[in-house]
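What follows is chain A paired twice: with chain B in the first complex and chain C in the second.
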Partner chain A sequence: MLRRVALACALAVTATGASANPELLRMQRDPNQWVMPNGNYASWRYSELNQITRENVGNLKPTWQFSTGVLRGHEGGPLVVGEVMYIHTPFPNRVFALDLNNPGRVLWRYEPTQDPTVIGVMCCDTVNRGPAYADGKIILSQADTTVVALDAKTGKEVWKVKNGDPAKGETATMAPMVFGDKVLIGISGGEYGIRGHVTAYNLADGKQAWRAYSVGTDEDIKFDPQKTMSMGQPVGANSSIKTWEGDQWKMGGGSTWGWFSYDPDLNLIYYGSGNPGTWNPVQRPGDNKWSMTIFARDATTGVAKWVYQMTPHDEWDYDGVNEMVLVDNLQVGNQRVAKALVHMDRNGFGYTLNRENGQLMVAQKFDPAVNWATHVDMETGRPQVVSQYSTRAQGEDNNTKNICPAALGTKDQQPSAWSPKASLLFVPTNHVCMDYEPFRVSYSAGQPFIGATLSMYPPQGSDNLGNFIAWNPGSGKIAWSKPERFSVWSGALATAGDVVFYGTLEGYLKAVDTKDGKELFSYRTPSGIIGNVNTFTHKGKQYVAVMSGVGGWAGIGMAAGLQGESEGLGAVGAYKSLSDYTQLGGVLTVFALPN
Partner chain B sequence: MLRRVALACALAVTATGASANPELLRMQRDPNQWVMPNGNYASWRYSELNQITRENVGNLKPTWQFSTGVLRGHEGGPLVVGEVMYIHTPFPNRVFALDLNNPGRVLWRYEPTQDPTVIGVMCCDTVNRGPAYADGKIILSQADTTVVALDAKTGKEVWKVKNGDPAKGETATMAPMVFGDKVLIGISGGEYGIRGHVTAYNLADGKQAWRAYSVGTDEDIKFDPQKTMSMGQPVGANSSIKTWEGDQWKMGGGSTWGWFSYDPDLNLIYYGSGNPGTWNPVQRPGDNKWSMTIFARDATTGVAKWVYQMTPHDEWDYDGVNEMVLVDNLQVGNQRVAKALVHMDRNGFGYTLNRENGQLMVAQKFDPAVNWATHVDMETGRPQVVSQYSTRAQGEDNNTKNICPAALGTKDQQPSAWSPKASLLFVPTNHVCMDYEPFRVSYSAGQPFIGATLSMYPPQGSDNLGNFIAWNPGSGKIAWSKPERFSVWSGALATAGDVVFYGTLEGYLKAVDTKDGKELFSYRTPSGIIGNVNTFTHKGKQYVAVMSGVGGWAGIGMAAGLQGESEGLGAVGAYKSLSDYTQLGGVLTVFALPN
Partner chain C sequence: MKTVFALTLALLAMVPAARADDEKPYKVENGKVDQATFNGYRRYGNSCLQCHGPDGAGSSYAPNLTESLKHLSHEQFAETVINGRQNISSSQQNVMPSFGHVEDVVTYLDDIYGYLKARSDGALGRGRPERIGR
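Up next, the complex of A and B:
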């Protein structure tokens, strides 16, 4: 009887959802496992493991591999929970549970039935950034927006819910995240005039708890006009819809296809919203709030605590969805910020904010090539746009040239790694510029709502399309930068062994020294890497794991079989030589030091 | 002037074709390269390289990899010519030239345009066993029977010829081979009532030099009734058509989808023919010659010197196409055979013949489970069939049970390796039995002409579906046998380092000790291995290379997405648990010892 009461109490506590999921809180701190896509709630992609060091990483070797049987771009990375590794694939979104005691042995596999027409409304390859783990469940967000909870032991479906409608251009690529007793999930479709939102479902049964849109009425976006803050001011009433003409906000974009972070003490979740629809800025005057915005929302209610819009009235497709890295006790100038948020935005600026209140502390270019804005005004938070590179100023049907960065930004979805030991953020970046010609387009549900023709190429005088950099988020300075032939489209991993790992589009897994970026290790995996590097231990030994399988926006030419230079939203031309280095194919590789 | 005359003479010599291609003769002896599918003209799959030894092979590690972007079964193996590696894929039959000085860098790639309907008439997955190299050309035999010569430096087409007609069920999977100034190629389609043949084309321009059928008139099969010998006797007139009823030979099968060997001194080529059509023996009384036969043909004229039929009147689909291993100075009993031929047949008997005249010297079971025949009569060369396992005797629409081996034989196409150092043949084998129910079928061009329902399973009392064995071809005895969970569907490689390599269907590349089969090394590649292991040096260092990518007949369930137990000609049921271990995906892995 006593036991039953205790159980009931436990359930009651969980049900409030106010506090974090205690098991997950504990697990995300355990370096032996890798239980959420970016390693921990703070999106650090950092591991305390230090068996692999700058001294011995050169000896790292593949120990076993597993092909997924799926060809297109493999984003995300393996989860490790106890003695089981979970990997996933792009559409058709297979999930495999692999036995670490018998490497490569499939404990179970799951393949949802999905209408393949969804492929036609996915903007940037059929990628998926991975499932979430919590409370004995694997939560998968399928391309067709179905969210399904699987029993982590058996792979059997526990519940299933539909988060959007592919017929309207709504799809899913992002990784869900569990906060407390809820699982949060975003939506893709910024190129189809959808209206972005994040939605919390009950972890237990998949019932919707709350939904908050990126654009729309205060009620829809869960803003409190008096309490939701932006740049130190309350946002006031109708902060979103008053920045749009007429009903344009209804197809306003601001999709939410990136990453979630969470501060359990503040009970705040952080994420960014994507581009406003269409890509033709002339058609949508105004700031187009709250596209291109960092949101801090109460995890329990969804109500926004603060927001910050990086790129008001976007003219370049600089989606603001990149990961929010939660750094504690950061030295910014002569100030110590107890709770900072670092965000390397697609627009080429690296931002540091106070994550309690949204105060802007640093905004500096993280690639000197960035030219669309001179700087960010620290009073207003607004970038100072250079008219020569303003596609609005240059006008419709006019090809604005040499804008840096290109639409895929100085950094896209590929997550960075924060080393608290080195006090540096390691950032996979793009070094790409573009020509951008806006044209008039009209909205039709489920049809592309783009309205711009692009072409991409390296900055003048460069022949590398990427750099892997170390960033000092306190000073807003690049500590070191290592050029790469192609954009670094893979998520980084920093470790207490003073090394940082990342993959290249040619297919190399590399390890470099945190202190100077010196290359210490390189291995050519089967295909280009757009997956994220993770680490864990098994029976006391440290392993490093990564998915190869080229694709994503940078690899869209190969993934979708496109040839024209300006196809793939302009990306095909820049990366066409990629097929001289690699071909498609999803493979997990697990590395270790020889015994 | 003198130079021109010399050149003309050189051309004249080449044009006779009587002697072997001198460059290729030299290259196939060079252990630093791997210039033909089975390593040398004698089909040894043996290398003199000895940097990797039984002592150090345990340290072998993957050094680089390359995904092909193609999912189905990857048979064959890489060729290495100078500093270039050539790899190929199943349908659509891509070829990649990879730069060994810059591993993974694609020098050129070729992908033929083929009508995908050919996939529907390929019996046993869309495999391809690799191109041939000669005289600066890569000769590829496409699924649709187009034979194309590519410039090995540029990948540009030099000539192209059509060897068959997929509309009649004629397809191609086998590797061409160059003999003298000709390239020889066979044909697949035994399950579609085709009539098998081998055809020689001029290496220079693709013009047909000669064609020899497996069944038909003496002219068609290029037999000299007086001079072509079988079991020490001239075959006599109409040796083929008199063993068929009426016109049945016209859809008589005997396809030629296996391997070629060549003895340059004798100027003889060796290969085997496949099953007679249909699989229902009741429908085609007679010996059905020359299906299931070893042929020795003059390389210049195509005329048969001798033949030996292993399985007259086949009742089990025991195609006779497995490789012919040419062994010199073999001790057989107390006789020394200067020129022997060793052939591990699908029917479960290992044969040793004198390859000069076709004299049968040894015929012994290489799996004790073999039960369809008690033995081979050494006078007549005929197997003594056990009536209980005779699908003819048991009759149409009767399910004959527990026949061993199954239709895919004690060994299928996966080539063995001969170590002259160990005097042993290392043989990847199947350990599978079957139920076989023949039914009446009528011929229609391009339609399956099978007429039997099969199911397959391990022999009673066994739970392994394969063994990797060492065979003494002089004594006809198994030296050692190493059980494997699944059939060993990969080609072996023996080396002067006293190790023998092979791959498993789960995806392990293994190395075992030639003397006792002890496992010395094992690495889990991305997918099941049905490719053949090759070795070469680059800048003085020994490498071992293999394609993974599960499929072939054993992996047809996964490759073609079949579920029913008796689908895939009966193979799906036996191998259904394979998907608990591996998934599709073609990847090259190159191994080496750490520096």
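Up next, the complex of A and C:
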């Protein structure tokens, strides 16, 4: 299989002149390194390493630690390129190159100078999901939207470019992705009425190659009305702006702050867009295309090949930005899908599509608590919304109660892990419901544009706020589900040793058995984990690494918990505030088996 | 400052209890609130909650306002919201933006203060308050 991809890739390079980055493609296949935030172009977060197994993982021990000196939420995870580990921090967005031959020794350190006023326009903490590596460069996307390429050996700046304007509420949290001779980057600011876009820059000099908006004119969104497809039909002219009232698309949201995947064979980039404009649906009638949408775009030109809008006319803030996992030869019913795309959405549905043409194959709930829609109509692709939980139907100034999931989704950006060996997707999830009351707001550039007030709490009858689940993307069924006290806000890692790793908000790194979710290992790191786990080898020995440092949107429940105990839902004291379990502080911990 | 505070306390002690209640920037009856306090709750949800958390209870990156309002005066509160505040050191990077030109905040500043003061005084619990007369 790997060989076939390589061949296809080589052909694509000769055919189009742009495709996979050959060095990056080679390096991501080498399990001794971890060169991309999600492991590979397919966002598998899977490693062939098998020294650590379900039999011996219980013996895992921390071997060294490193404090970043930054307190806020540490999302993303380390990269390992050769004998160097690269780690990063939330604002001020430090990057450290650490010497694996002399663990924790800093080879170089980079800290950009940024106007701290950007902190005030970052909606949910100042997180950053890490830099990208390619061609001897580390590409960092700073909070203030500056994209900077650093020399991976020295940390010296090679080029810098500005991708957005924090004065308008545009900021950056996501990790860039390199393909061919370009680097792709999105933008955050969905709570500030921005208009989302993805932009490709030349890896060599930072010059802009193309930019495609989520919302706007056909030219802006790079749609071909005849050739761009949705649910098997051409989208037609003005497919975005005709789904908005007046000029509202100009503050139409669709921010692009999640993850990118890439199929070098098809030369297509995959990602999702976030919420439309204000959270008050009454104020923005229409389907609000193409917010809440999965995009497949030609990597060379940026033109959209197909799109699928998961949550038309969002009424709950179910951003569609979660990772797109590219699975090959997936059995769906009686069909074998050569090229599938699996996406676990904030809205609580797990989707499987044919990634060549966007055909919808599976759409099933991955938490039984999900209630805002009964099901997804497989002919139209539209969710069948339950009026009782529709904040549009209940209307402005009315409190719509007991909607599941809450705005933070059944799953947020914390990436899942796909094990081709187990044929299962391991998914960190939230188990949280909400009351949601929309109200009228006015737009002011660079100011919050929310227009809804929310309370969040666990589903009735539950005393846990999260689950770690195994999902079968062919059948759309949960294989097993392991309850967690708090939302699981850490990216998972699956390995050929039949174990899967993830972190918890209390700060535990855990390893569970891929076949049944049985807990095999747990170690309490210094702070809550919202970072993503990776693995690599050094001098032939397998290591596992993760960043601790609680914060992010999860940090909002830090001070007082999500639910007032006085309101008496669930077991008293079961959701005591997270601050009873952990405090702030960024620390890297590297684990290994004893010699 | 201490003297002024003591003096205020002394004055408060002298006025009848009902009078002191009238001076509160909110009205809470049987757990229900007046329209202004309710509006404060909603405006808080739009412009403040993302950092200061549900019910003013704070987050990992912004202070608990039910605590802050125990020692911030109405004037200090208004000054902070209008002008913003920066607290940048090697260990903390806390920035509150200026809301001085934001219509939805400035127009309803007293409502937001009233809501948070009710939370801070313990007069109002967590969650969405009900309105008096509804």
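The criterion applied here is as follows: the second predicted complex is superposed on the first by the 558 of 595 C-alpha atoms of A that agree within 3 Å, B and C clash if a C-alpha of one lies under 4 Å from a C-alpha of the other, contacts with A are read in each partner's own complex, and residues count from 1 in each chain.
Convention: contacts are C-beta pairs under 8 Å (C-beta built on N, C-alpha and C of every residue); 3 or more make two chains touch, one makes a residue touch a chain.
The model shown is predicted, which means the values in this text are computed figures rather than measured ones.
Of the two partner chains, chain B is the only one touched by A:Val587; chain C is not. With both structures placed on the common chain, the touch criterion links A:Asn534 to neither chain B nor chain C. By the touch criterion defined above, A:Leu71 reaches both chain B and chain C.
In the superposed pair of complexes, A:Pro526 makes contact with chain B only, with no contact to chain C.
In the superposition on chain A, A:Lys61 makes contact with chain B only, while chain C stays out of contact range. Contact with neither chain B nor chain C is seen for A:Thr504 once the two complexes are overlaid on the shared chain.
Judged by the touch definition given at the top, the superposed model places A:Val106 against chain B, while chain C stays out of reach.
Of the two partner chains placed by the overlay, only chain B lies in contact with A:Ser548; chain C stays clear of it. Where the contact sets of chain A with chain B and with chain C meet, they give residues 69, 71, 558, 584.
By the touch criterion given at the top, residues 69, 71-73, 91-92, 116-121, 123-126, 191, 399, 435, 437, 439, 441-442, 444, 447-448, 450-456, 550-551, 555-560, 562-564, 566-567, 584 of chain A touch chain C in their complex. Of all residues in chain B, only 59, 61-62, 64-69, 71, 96, 103-106, 109, 506-507, 523-527, 548-549, 558, 579-589, 594 touch chain A in the complex they form. Those residues of chain C that touch chain A in the complex are listed here as 41-42, 44-47, 49-50, 53-55, 57-61, 64, 84, 86, 88, 90-97, 99, 101-104, 125-128.
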